[in-house]
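Chain lettering (A, B, C, D, E and F) follows the sequence in which the chains are written, and residue indices restart at 1 in each chain.
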Amino acid sequence: MKVESPEVGQEVPRLLPLHPLQYRDAVTAALREDLGHAGDLTTNATIPPHLRWRGTIAARQPGVVAGLEVARHTFAAVDSSIRFDARIGDGSRVEAGDVVARIEGPAGALLTAERVALNYLGHLSGVASATALLVARTAGTRARIVCTRKTTPGLRALEKYAVRAGGGANHRFGLDDAVLIKDNHLAVAGSVRAALASVRDRVGHLVKIEVEVDNLEQLEEALDCGVDAVLLDNMTIDELTTAVARVGGRCVTEASGGITEQTVGPIAATGVDLISVGWITHSSPCLDLGLDFEAS
Amino acid sequence: MKVESPEVGQEVPRLLPLHPLQYRDAVTAALREDLGHAGDLTTNATIPPHLRWRGTIAARQPGVVAGLEVARHTFAAVDSSIRFDARIGDGSRVEAGDVVARIEGPAGALLTAERVALNYLGHLSGVASATALLVARTAGTRARIVCTRKTTPGLRALEKYAVRAGGGANHRFGLDDAVLIKDNHLAVAGSVRAALASVRDRVGHLVKIEVEVDNLEQLEEALDCGVDAVLLDNMTIDELTTAVARVGGRCVTEASGGITEQTVGPIAATGVDLISVGWITHSSPCLDLGLDFEAS
Amino acid sequence: MKVESPEVGQEVPRLLPLHPLQYRDAVTAALREDLGHAGDLTTNATIPPHLRWRGTIAARQPGVVAGLEVARHTFAAVDSSIRFDARIGDGSRVEAGDVVARIEGPAGALLTAERVALNYLGHLSGVASATALLVARTAGTRARIVCTRKTTPGLRALEKYAVRAGGGANHRFGLDDAVLIKDNHLAVAGSVRAALASVRDRVGHLVKIEVEVDNLEQLEEALDCGVDAVLLDNMTIDELTTAVARVGGRCVTEASGGITEQTVGPIAATGVDLISVGWITHSSPCLDLGLDFEAS
Amino acid sequence: MKVESPEVGQEVPRLLPLHPLQYRDAVTAALREDLGHAGDLTTNATIPPHLRWRGTIAARQPGVVAGLEVARHTFAAVDSSIRFDARIGDGSRVEAGDVVARIEGPAGALLTAERVALNYLGHLSGVASATALLVARTAGTRARIVCTRKTTPGLRALEKYAVRAGGGANHRFGLDDAVLIKDNHLAVAGSVRAALASVRDRVGHLVKIEVEVDNLEQLEEALDCGVDAVLLDNMTIDELTTAVARVGGRCVTEASGGITEQTVGPIAATGVDLISVGWITHSSPCLDLGLDFEAS
Amino acid sequence: MKVESPEVGQEVPRLLPLHPLQYRDAVTAALREDLGHAGDLTTNATIPPHLRWRGTIAARQPGVVAGLEVARHTFAAVDSSIRFDARIGDGSRVEAGDVVARIEGPAGALLTAERVALNYLGHLSGVASATALLVARTAGTRARIVCTRKTTPGLRALEKYAVRAGGGANHRFGLDDAVLIKDNHLAVAGSVRAALASVRDRVGHLVKIEVEVDNLEQLEEALDCGVDAVLLDNMTIDELTTAVARVGGRCVTEASGGITEQTVGPIAATGVDLISVGWITHSSPCLDLGLDFEAS
Amino acid sequence: MKVESPEVGQEVPRLLPLHPLQYRDAVTAALREDLGHAGDLTTNATIPPHLRWRGTIAARQPGVVAGLEVARHTFAAVDSSIRFDARIGDGSRVEAGDVVARIEGPAGALLTAERVALNYLGHLSGVASATALLVARTAGTRARIVCTRKTTPGLRALEKYAVRAGGGANHRFGLDDAVLIKDNHLAVAGSVRAALASVRDRVGHLVKIEVEVDNLEQLEEALDCGVDAVLLDNMTIDELTTAVARVGGRCVTEASGGITEQTVGPIAATGVDLISVGWITHSSPCLDLGLDFEAS
């Protein structure tokens, strides 16, 4: 192709987006979960159809926002005439009171869609905010915060996106897009070397391989075999420091196990490349967001 | 019918169950989310098909368990020959180390199913445990802890079940199974009385009606009109006490707004019937559960 | 919220609508059921693509119309350029010859969509018309005509909507949105009191409870326990009259069992609040509607 | 193949069955429609899980039964341990009181499945019974009763099966499995001959072609062109008699339009091959069937 | 209807189209198959969102094109703002270099949709091209090339459409839209006559019946019974010639079995009406089509 | 875990399997595609229900088999009592006449399932056989045959599995599990270095990155930046030889573009690691397999 467009290369957003095909049906299902048998009885019984409102979605506590496109699709799925005007982008930091989006449309449709839209936005912003907190605690180190497969069933792609929005990075998305040889696999294979040989013989050239190592012997064996990454699970700061030194840049190093807001900084200071944390996806509280209306 | 079975009436479980039809497809979808394009590469590349294991699911922290049947279905969906032997029932309190279930089956299938099963079990047990915590803080009062519609999209029926497992009760499940007239509806209707009249004229005889009231005037108006329940949102302890006295048992009273582990006790002491809490479903951390294997 | 809009409160339609998300996929499935493997062979083989027609949907017999929005979605699902102009609203009474809607669009698409659209419209209008007939027979009484769970599989929400369009009201929508303790449940529980105690201990505060009673003893027991409604099944006019007197307004009274166009009036005259009728949903004949075309 | 099995040829059932893949998902959807958000509250709150019952499904009025396999699948979908023992086959004539099937299983599951199973069985038996009534009225003639595409959305294959169970035959199943050139198509094509030429040039050799004819000129034109069947719509008895004579066995003749229990006999006596009736599928009342339980 | 439009009758396209409802969900599923967990990583990480491109889809080898509407839907499903301008219609013959369509839209969306769109277009054009090749080899004979049920699972309607685009005709679409009595059925029935009697007694008047015959005796028996078509499987040219003569136009004759580009001409010359070929759907190679971009 | 099982490590099959959850719904959909409206008319009208048959699936030409588990699921989905006894495993080489599987069950169900089962088995075995042919042509070299994303829509995971069964390896499965920077991406990014920087900044540590290079300058730039693999598209043998030498083992080398049975050997001899071929998935002919029955 003969396209000359060097000047636009830098405009690529930092945050990899989701395509609506990846969540559209889930949004519809969530709305049906709320509409139930009979729809929004209260709204249908009290709000005239031609009334139009404006609304403002604002943060009620500090955090990082994620899920604005999902919220937009939620409102649109209830009524395609609703205008959803995001005032910030996913990944933006907000303080209490900051406006996140303005919406306008039929009052009844806005009320019907409100809860599902906020459930998505609050949940994903909660994941992003928890991630951002740990990212902040590791500022100045080489360590990146990454998520795990400990996600809410049905929401993995969205939660992984929210981790990215919070400044974190993604570990593998499923059992299929990378190999992670854990203790149970090693126990059957007999050794790191045997496990790696068995895997290498079976997976394609574009699949990365990570091995969980419990001690320095396993670490050396893994490095000898040429893995892409090592998972250093539940190691002390000293053990991590030693392990990182041994690796010496030969592969990616990942620390995991019981990471808290307090321990993440010291762990990052050991020089590991990645710190994986399950609770940013499975246990982060919602970000509190409110939606207030006025006549339009 | 001429059935004589008075002696079995008392055996009805306290906890209303879900039917598998209510979560079976979600379990399958969650497994597919994890299997992705190519399935469990690591397990398929390291675990021989005929190896069988036993496993033990145990709590790693105190809490209340919920979701055992969902976990059973998850394992069965991966391999119908897996035996899942729950050692306790949903709603049981556990301490760290307590065995929750034993499983037995093909090692590969157990590893493939493990993460999805634990994601469900951990999430639902987290909801149950958070609920149980608040229930414990309100012991000795008439107040029941109830959930809201602030649930994780796609998981409402399961999370509402987990609230019941934790000793709480369920508020409405969707927009359709009860009427809840909130401030936005009242603003349009013009008054509590007008809103109630509009609703009564439109919904069936088996739909209960609750109204959010902000002050004693609205409360009196609601009582005059004969509502089933009043939502007392963000009131102080004094306001709640006064409101409960005014109601005098004429309808159900529900307190809501900013409930914490600390405030729930004093609020319960005001005599309200219900305390609704969003965070037990949207922000409760997972209960930490582990799965350990041995050769069978 | 600071919305001042008292003057619009009275514009809320009497008929609670369905949201398209509640039937959209069913419409698509019904069209695929008709398109089958190869689509509309006859139309595709005889009608040029650029031909546009106008059409008129008109009643061929008297009745009450329901399902216009479903019909609109059916045409739109076949070709989004079809214009569907409803001339009356659901719930309107029509005489033979009355125009219900005018449509305009590609002739082929109109012919392809015609049968499914009329199948919905005829079926739902049939339900509405049967309901309206009974409503008319009970004019001047307090009795409302309500439907049951004896609906056509897959069409419950639509048929319940059609009952509302016909001037009736809805009983519960499913097994989940209200409790209805019937003879089989009572037989196991041992008594009305025991059954009610068991239920009250397990369901939320927004779930209404109705009990089927066969005699005055059971009725008194139910009233003592404070039920929301009593189902008086297959009682004579005299028995109903006595029962209504005994209830004395303490709860809702519902008559059921073998209701016909002839018996519904006398039953309504006993003073019962509700008369539930299965056949308005499961056995009402279609309303005959025709669609005629002309070149546009 | 070298199979010698002439003696079993005569055992092929007269009634072409459906495969469960053709209705299994619809049954599941119908059960979910009834389970709603929270499942069978009443049963779960009153019936102990280990109680087992026997039940008897019996006719409460005369008719022809259809849908027994669908009912069996409905019970099995709720609890695979339920035994469903059909005492008669689909297509059997019953009198009031005749036993249709016996079931046995967990009492709670039987109660939860009961309504959906009976909704299917009653609806399909209603279609079969209406068909059988018309079949009886045409005994001794060559005329067969056939259904149309005027079916309940989502239930076409099941209703067409019920028509067969009632002794009728099936017209085309959709827009795709046969060509039926109607007045609107003829108006565009300009003539029967032109329409047939356009169709013949476009459809495969296994697609039959039927044409609606309004008068003898069109009939002759159709016969000249060699159609498989002619639809004689809304003709008088005299017109039908003449048309049948003109056809003289050269193609199948079908009468349609306003067929009633009274008119079907005289129409059949004209010698037409088929009489198509929309109301046997869209307006036939349910057959009344009851389910009574006893302790097992 | 009073429509006067004889002059447009000749504009009906020769190629019967599919309705988008027949492939829309398959397109979406194919896109999700490609998007996987995380979407188009490469494009999202390198292409700025506001960049717009033009693209040209061109043939890289001679053939016949099919699937343009499917390709259009694929691009539209990724981004509804993409313009897809087909320069030729399905069924058109192309040479290497011929432009098939021009597209314009967001560069990222075009790249994301490209592969799925071309996979459909290449596959269906391959089927059309293979069909056209055989059609060309039989020019001047009465024989039509028809497909079989040997299609790619999930793509039958699309592949049958592609056969029509290539100038072929369709055999039956499934097990349900026509009867084809094969050797296995005959072996059980005992004779052609018995099989036909059993079938005639059970299927509707719009279902055509074809019988596979292995020899002249079976052929005579079939003709005596009045079948619609006979399948002459794996016969020699001489046998086919004899069979066609015996049939003498009394029914449709179909040759099948091991048809190749070389044998199809001589077989057509025997005078058979149809030649059915499995490999045009199950083994035809893709037509090579390319998509080149330039800045728009 | 304390499992001691070194001796079983070597039993892990070479061929990574699919989990039935990855194709089960597609099998059901393919069966419904064939059953259509009315099911298997011919079989239902000629085969008595209690007749049981044995059948043998055998190869009619040499090749490599794939899809036996899919075929097993197809038969089981039609009738769970069918026994499917695979005599060889996927990936086995067969000659004409070799038995692939024996089946036993109800004759009607076997006939109904036959076509869909063989369509899957023939298609997947065709992919495996084409792959195996190229693998054989490259014996003795380091080159592996890999597939592309040019797969049949809806069948990607199955076709990729078939490639593995044929001895090939898998390239990426979708747009999401690896990065492949192609000419269009490079044109926008401006350079290999810029593209890689943009990607590296956005994707996780377990995602491999491959770059398409057109010349040695780009190759050097890619190697400098440390890519995981380089795609050498449409290069001559000489160019490939030079490129492989330049790479010197620093990354994986992949040749692509116009690979044929004749050219694959010389290309493999250049020392490239991988040769990717689209036509093994999009244009490989079915493997001819037959199913013969006898009475059981």
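Assume a residue touches a chain if its C-beta (ideal position, glycine included) is under 8 Å from a C-beta of that chain, and two chains touch if they have at least 3 such contacts.
Values in this document were obtained by computation on a predicted structure and should not be read as measured data.
Colleague: Return the chains shared as contacts by chain A and chain D, ordered by label.
Modeller: Correct list: B, C, E, F.
Colleague: Relative to chain B, which chain has the most distant C-alpha mean position?
Modeller: Most distant chain from chain B: E.
Colleague: Count the residue numbers both chain C and chain E use at their shared interface, divide by all numbers used there, and answer same if that is over half, different if under half.
Modeller: At the contact between chain C and chain E, which are copies of one sequence, the residues are largely different (under half shared).
Colleague: So the centre of each chain is just the mean of its C-alpha atoms; given that, what is the distance between chain A and chain F in Å?
Modeller: Spacing between the chain centres: roughly 32 Å.
Colleague: Any idea how many Å lie between the Cα centroids of chain A and chain E?
Modeller: Computed value for the inter-centroid distance: 44 Å.
Colleague: Residues of chain F that touch two or more other chains: which are they?
Modeller: Each of 1-5, 8-9, 12, 16, 33, 35-41, 44-48, 51, 112, 156-157, 170, 173-174, 176-178, 184, 188-189, 198, 201-203, 207, 293 in chain F touches at least two other chains.
Colleague: Can you list the residues on chain B that touch chain D in the complex?
Modeller: Contacts found on chain B: 1-5, 8-9, 11-13, 16-19, 21-22, 156-157, 160, 170, 173-174, 177.
Colleague: For the complex, give me every residue of chain C touching chain E.
Modeller: Within the complex, chain C touches chain E at residues 28, 31-32, 35-41, 44-51, 53, 77-78, 112, 292-295.
Colleague: Mind pulling up the chain D residues that touch chain E in the complex?
Modeller: 1-6, 8-9, 12, 14, 16, 144, 146, 169-173, 176-178, 183-184, 187-190, 194, 198, 201-208, 210, 228-229, 252, 254, 273-274
Colleague: Okay, in this complex, where on chain D does chain A touch?
Modeller: 33, 36-37
Colleague: List the residues on chain A that touch chain B in their complex, please.
Modeller: Within the complex, chain A contacts chain B at residues 26-27, 29-30, 33-48, 51, 107, 111-112, 115-116, 118-120, 122-123, 126, 149-157, 173-182, 184-185, 188-189, 195, 198-199, 201-203, 207, 278-279, 282-286, 293.
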